[in-house]
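Got some structures for you, see below.
Each of the two complexes below includes chain A, the first together with chain B, the second together with chain C.
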Partner chain A sequence: MELWGRMLWTLLSGPGRRGGTWGWAFSSWQPHSPLAGLSSATELVRHWTGVFEKRGIPEARESSEYIVAHVLGAKTFQSLKPILRTQPLTPQQLKCIQELSSHRLQRMPLQYVLGEWDFRGLNLKMVPPVFIPRPETEELVEWVLEEVARRSHTVGVQGSPLILEVGCGSGAISLSLLSELPQSRVIAVDKEAAAISLTRENAQRLQLQDRIWIVPLDVTLEGSWTHLLPWGPVDLVISNPPYVFHQDMEQLAPEIRSYEDPEALDGGEEGMDVITHILTLAPQLLKDFGSIYLEVDPRHPELVSSWLQSHPDLYLHLVAVRRDFCGRPRFLHIQQSGP
Partner chain B sequence: MSTPGLFRFPAPLTRIRTVPWGLQLWEKLTLLSPGMAVTLVPMAGKRDCPPLLSLDENELEEQFVKGHGPGGQATNKTSNCVVLKHVPSGIVVKCHQTRSVDENRKRARKILQEKVDVFYNGENSPVLKEKREAEKKKQERKKRAKETLEKKKLLKELRESSKNVH
Partner chain C sequence: MRPWRLWAAARCLWARPAVGPARRPLSCGSPQLEELFSSGGPLRTFLERQAGSEAQLQVRRPELVTVAKRLSEKEQELRETEHLLHDKNEDLRKLAENEITLCQKEITQLKHQIILLLVPSEETDENDLILEVTAGVGGQEAMLFTSEIFEMYQQYAAFKRWNFETLEYFPSETGGLRHASASIGGSEAYKHMKFEGGVHRVQRVPKTEKQGRIHTSTMTVAILPQPTEINLVINPKDLRIDTKRASGAGGQHVNKTDSAVRIVHLPTGWN
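Now for the complex of A and B:
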């Protein structure tokens, strides 16, 4: 079922409706709160937390805090000046909170509700169905920055390092690398037009458009990478490729299943489809001893290791595995060494 | 697989030195293990900053959303509040100032360090000394501003009265 159809299906058959009607979801919105006009931010948070909890919305308190903070111009509720938390809100602000909350009630991921989110301190626009950057991925970028710093001969040289990102989505990885490595250049590719468009927009927003080339490209298509050869060779390849095992796709939360592009998640039977394509083609684009950095499923380090061993003609070696902040093996560093 | 990749603040952070950096002072947290990343914690606007009591990571208990469930692409969590406890004193800090777990962890440590210092050093804590100084300066500024305003008023009145004379 295509994405839009699935979203509609979810809206019409969501759980917990118990006697409630669907009419309200589509008709003109009536305020839940009789406190309209007198409510403070703190009270609004309490109110909407209750509403979300009753309707089984996960992260009820966090969601309402972020929504209220957003409407008041802050990134988190805790960062709001205390005085702003107790002042009464304007009718306009109340209406805004209501509208955003109605989307959250439909299990829309918070980042899409707000239309923006942060990644390593950069604020990025978020638009469904382009994949929302995950907090773990911030660590992937951190690792790459550490490694680049160690190879100090590439730092400070203009145009260096030259990085290829596969599957750029909203542009999170590429743009944070560009922002933290002022001399770097990035080639960012994605097969999805919406992702290309959003990455372009985010690059402009951050004024990084001069050092990034954003190319619509499906790396799983035969011969696709030949288009990139003129730009290469690159110092490193980085990717958070779709790595969910296909059988796990249906267990994903409604937020993910109904709103994010499944092609950005589904890695095939063992979650390896896109990974193996990247590994197969990277050597053609990498400089000698160039590196590939991947975010993967915790089951992949072993699978990748044995796959690399059965493809010695690629001259790729799994150099290191790094854990995420939950202690799960999450990131791979693969290096090319040889012909 | 060794643990250092797990946290960015492994092992005791036991040495703190103050290093002037232009007009700002940066606290340099030196880790015992060689080759580890050094974390710089900015302390803006201080010309002369005595070091605070250091925090020993081994005495801290940290709680942040550890992803129930698979994590990574399979999860979408937005809760990144960090709860940090200093076990010996029992002081707990909750930090949700930013949308980044990493940044919240850093800030939680900074805030906790200040609270722990006050806890053990009381009035002698640089934290409180600085607060008193800042408050004093603020009062002085207010006083000066008030005096200036009154002078202006007086001047204005004098001008008005001399106008009326003509």
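Now for the complex of A and C:
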């Protein structure tokens, strides 16, 4: 940091190019904006990593690498051609990096800073406060795809399988399923207008809008599901519902607390509120022997199991629990069997 | 068959177009070409052996066999048509002459083709390559020399319409070049550049020399073919998958851009 300051001083105080005031425009931190033509991508990453570290921003190196790569038009810093990493950047590029980095300095999640993020190979637009897809959820989709492939008689039939997603957020789950199951149809619901809007936009971006119905709906409201009955019984229900225990909400990182919609996270006292609503109402919409796939907190498999046992009238059974890539029990497969 | 003979013949072929009315039917090509294909000679014997192999046997050079068979067919055709040159009917004689001219043209072309098919080529001839130049002994003069050579290759690549991309460039203070590397890609790039590698020496009066003495300096050229496709077979047992996602609940509780899955290839330590 000090080196940058000194370099800037010697340049600024040299044959007056811009005078001394240039560096003071950003008074909230030291003048560390490099002059155009001096810096390469590699140097900038090093510079901003230092800035982030000093301000206690987590993932300092990853953040600066992603930001610089993004401005240079690449997904990752490592994928940049060596020559692009060493040649000087334009003033516009420097300005862009400056702007994005200032957002990151405010603890904005990187996905919102860049405005986009990948999910299972799909590039999705990201806009606060719509919930950012987590990598674990990619495995939920993977599991569903495996199961659908297993019941191969449903694949290949037009409109099949018919899937209902509860709490679609950015559309990650729905759009992944649509893109990997060319015959499938999805009904995606969310109670948040911003999520509905973002899912619509992402569907358009990926040209999947013809096979998805996006419906603003709060499943916790009495009688809300009746609106969905006309679409007919669905083959499966999938959801990454808010499952954080209420008491854990305040321990979440500032990135999550300050920028993501708390309603997309908070699952009530035991994180079960939305989950139980989904389980209560799913039988009304599911075909016989239809399935529900949920992503949950590692403490939920037991809680869900006992809840289902105390609600035998739903005819739902916990068929399987699957672990995520960190070995935590994360995914539930619940099947309906009976009237 | 000594390769240099082929090359000598090939060069002559390309220098001289083998067209024109023939005086003696079978030798319309250059003398070297005819000598190469002389009946009973090693090339003929080789081609006959190739053409004679049955389809059941493994034919390692099918293209060569096809062309060789076609050549002998055409030559046979030519010999048969020759009889008509002495026919009483004038029209028939004229027809035969035209026929023979065409036949000879085709025979020469086929012989060209055979030669090209016989010249050995490496698998990597079509590849792109990395060119590296490094100044050797001789200080500033060597660095100037290196700079000149690099520029020469750059212009040669432009002349050949190859893609030339400088990857590294470390100049010296006085306009010389310490070390540079470039990626060159294009039709038969490696084939043409592969013999450039090695130490190159220059003996001259350098620009910097005040007393007019001759200096010797060197620079090195390295040529590395870039593989077009890499076939990698990894045994899953050689992989160790580390996950370091946050301790605690993970999932919705955490938002990290580092996916925290690291795959380590145990034999090489690559991750």
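Quick note on the criterion: the second predicted complex is superposed on the first by the 304 of 339 C-alpha atoms of A that agree within 3 Å, B and C clash if a C-alpha of one lies under 4 Å from a C-alpha of the other, contacts with A are read in each partner's own complex, and residues count from 1 in each chain.
We adopt the following convention: contacts are C-beta pairs under 8 Å (C-beta built on N, C-alpha and C of every residue); 3 or more make two chains touch, one makes a residue touch a chain.
Because the structure is predicted, anything quoted here is derived from the model rather than measured.
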item: Chain A as common anchor, with chain B and chain C clashing or fitting; value: clash
item: First, second, both or neither for A:F289, with chain B first and chain C second; value: neither
item: Chain B versus chain C as contact partner of A:P329, first or second or both or neither; value: first
item: Partner chain(s) touched by A:V321 [first = chain B, second = chain C, both, neither]; value: first
item: Partner chain in contact with A:V244 - chain B first, chain C second, else both or neither; value: both
item: Contact breadth on chain A, by residue count: chain C or chain B; value: B
item: First, second, both or neither for A:I83, with chain B first and chain C second; value: second
item: First, second, both or neither for A:D118, with chain B first and chain C second; value: first
item: Which superposed partner A:K75 touches (first chain B, second chain C, both, neither); value: first
item: Steric overlap of chain C with chain B in the superposed model, located at which of 19-27, 145-153 or 235-243; value: 235-243
item: Common ground on chain A, meaning residues reached by chain C in one complex and by chain B in the other; value: 59, 62-63, 66, 109-111, 132, 134-136, 240, 242-244, 248, 252-253, 255-256, 260, 265, 295, 297-298, 324-328, 330
item: Sites on chain A touched by chain C in the complex; value: 58-59, 62-63, 66, 82-83, 109-111, 132, 134-136, 240, 242-244, 248, 252-253, 255-256, 260, 265, 295, 297-298, 324-328, 330
item: Of all residues in chain B, those that touch chain A in their complex; value: 1, 5-8, 37, 64, 66-67, 70-81, 95-103
item: In the complex with chain B, residue positions of chain A that touch it; value: 59, 62-63, 66, 75-79, 109-111, 117-118, 120-121, 131-132, 134-136, 138-139, 142, 146, 240, 242-244, 248, 251-253, 255-256, 260, 264-265, 295, 297-298, 321-330
item: Chain C residues touching chain A - in the complex, by the definition given at the top; value: 165-168, 243, 245, 249-261
